[in-house]
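What follows is chain A paired twice: with chain B in the first complex and chain C in the second.
This part shows the complex of A and B:
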């Protein structure tokens, strides 16, 4: 099993870049990560870089253990970076930790609050920390998310815990919302509502969202950018439309999958009677394989699955 | 995680807004368990008083030890519930979090002492004399007991949670017997014991000397400054440990 070619690309959409340059906001993006490294035993997050301009949603995708949660924890300074820089809303995330956190809304993959405390009391313990806290907004979200504020946290399902965490994160006018797998425990109906809420937030272009997920269909609906992490490295960080338009999935019989053909693909999945290969060179693939294969536009799911396998 | 100046600069009693909010938050999250602990504490006071023991400094020792241990409960509970990550996502620096823990602990110890004192005085058959319980000497002895417990346990509990108590106490409990066994094997037991006794006697002599040499107010100020210095050193160690903690 070889490793697929890793290309580190960081880009913003042409329109976004132009606007950013015009407003002078480019160096003051919602999130700018550059050369960040972090190592644990058996895992290395290496030279990670990405840029999220204000007013956009970025989806962070990658297989389990790719480093998505570690990257989010680094942004929040929950774990210490070993190298590189992280600027949130133009400020270093370590030297301006408290200020930055008042402007970030964070939803962890597994919300953990004191289990014996009611949601009302958890909210009361949290709200005064945020100068921009909106009680009206919180009550509206609690109602929309069907939260019973008199219930103790430990009695809630995983999905309801996530909803509560979301209500807290969205009630203090956070300019950067960081969501770690927010939809993983949610039913499809609420997932759709959540995506609508997030889209509503982005009506105000000061707000930005970083959103890690396995459910790539959510990203196809909402994200402006996609960053793909694999084995602790950024494979690409590009505008979603560019990602989807660029990649193709080649499907054909196994008899054409020789060593030379394998080298053509960034990722290959073999089946009993055929194979699927991911390529960024769609036109070249058409010329090379002709009508022996079928070529479709790759979905984010295809890209994540095939690149995540890293096979040739 | 380098220290940063807190963004909430206004201070009351040396605490910024975040510190007060953190103490308030701890109260909201732990008021039931703290109230229950205080109830047990009060029951102990009633039983102690009923025993009619004329051992005032034993009362001070047990009361202050109880009060100091109660102060660790919010922190221990947060660690048990894995709530530290939540605390660290709030808009407060890690220094704010540690400072609030220390001030909150002292506040709670003071409240615990007041509750204990009130119950001990009001309980029928009480032998606790009010003038003794609020005497400066008694209060300083109490503050020393609370300080000794907090100074040693807080950094360890802040870094390791409840198991921090064991991280500290288990090696200590192993170290002393090992030292004595080694000293016995090497024939230096007598000299070790003599050194320990001499050390304790020197400490007592220094304190007595200070007490005799200084005027009463100066002596009290010196003790308070010493306790403050110990707490400050413990706080700095706790900050350094908490800065390294990954969540």
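This part shows the complex of A and C:
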């Protein structure tokens, strides 16, 4: 396992290295992932790294099958990583698994509980696991999310299951909230409310949020950092403002798309009547192509769709 | 403080905040010592990222429009005297332009107008 790690530090025996990292844990971020690998039949998560400082929200974006859920399961140690390191709130997520789980609020993409149990009973069964459980907070969220606690789990819609799961996750003082596709299947009204709830959590700068989604409009405005995962690899992981507003989509006729022009773009999509190109050099593109093209600011969707396309 | 963010604006969001806060300080809608919302509160209100808001505040602070007092909050700074002067000079210019327009309607030339100004100054002294 140790040999597969690509490390910046000088090679140290695994045990000693871990101890060395443990000191200075206080200064560590909410989530620090480095060189993480995991392979399944037909799927490889390769050398994944990212860093989420405390007090911020990171969007984890990527098409379906990019590895978002696998990465989240690795963070929670629901599946075993094959290489690399994952530190949650300064602690190794395997050696400190129990403590970390009580400090993470996890909302799975498809919450699963026993179908015949009422929400009230599910809550009562969950609360004792968390020393910092706040019944008051749970009740407030239950009413805010319009949850009928007498209902059986199986009678809930997908959206309500997510809301219930979110209420549980937010009621035990978790410092890192991990949401896996929380808004798929939710209407725009609740999606907006969810963003409000999340921004409310971030009023306290000790808290952090990792939010995976393929509905990028949820994150376009509110995310502080964006990590783009594709085919099991990180395409980029950086502050959102360095992406949105700096990248542009250039649209023009195919006749101007020669090899030299192509080199300008991080991704190109050709259509019958023209091309779309993604570039981080918007000003240079404007000068080069002038009024033969139109240039718009790239949305996260544009970036997700175009990045790396048509490479040669 | 009133801030309206447009997604369609060519200006980035942080720049929109800077422009609007700056305009409200220069117009006197916000005055020295006024408390601004915290970075995190403003980010929540506007449904934008904390980093974006932080960047706007840093820019305003760098330009001398606001001050952050540790543990107390962010306040509108004592106005930059140069800006204030510039702004007031502009007001003078506008009023003079009005006077010139009015004078031209009456066929009053520059010499006569300057003479009128001299008289007005003399009256004040």
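Just so we're on the same page, the second predicted complex is superposed on the first by the 277 of 312 C-alpha atoms of A that agree within 3 Å, B and C clash if a C-alpha of one lies under 4 Å from a C-alpha of the other, contacts with A are read in each partner's own complex, and residues count from 1 in each chain.
The rule is simple: a residue touches a chain if its C-beta (ideal position, glycine included) is under 8 Å from a C-beta of that chain, and two chains touch if they have at least 3 such contacts.
If you're wondering where the values come from, they're calculated on a predicted model, not measured in any experiment.
In the model built by aligning both structures on chain A, chain B fits alongside chain C without clashing. Once the two complexes are overlaid on the shared chain, A:101 sits against chain B while remaining clear of chain C. In the superposed model, A:44 lies in contact with neither chain B nor chain C. By the touch criterion defined above, A:202 reaches chain C but does not reach chain B. Applying the stated contact rule after C-alpha superposition, one finds that A:149 touches neither chain B nor chain C. Contacts of A:112 after superposition: chain B is touched, whereas chain C is not reached.
Of all C-alpha pairs spanning chain B and chain C in the superposed arrangement, the closest lie 29 Å apart.
Overlaid on A, the two complexes show chain B and chain C touching no common residue of chain A. Within the complex, the chain B residues that touch chain A are 1-2, 4, 6-8, 18, 21, 24-25, 28-29, 32, 77-78, 81-83, 85-86, 88-94, 96, 244, 246-247.
Contact residues of chain C toward chain A in the complex are 7, 10, 12-14, 40-41, 43-44, 47-52, 55. Note for the complex: chain A touches chain B at residues 73, 76-80, 94-102, 104, 106, 108, 112-117, 121-122, 124-126, 128-130.
Listing the residues of chain A that touch chain C in their complex gives 55-57, 195-196, 199-200, 202-203, 205, 221-225, 239-241, 245, 297.
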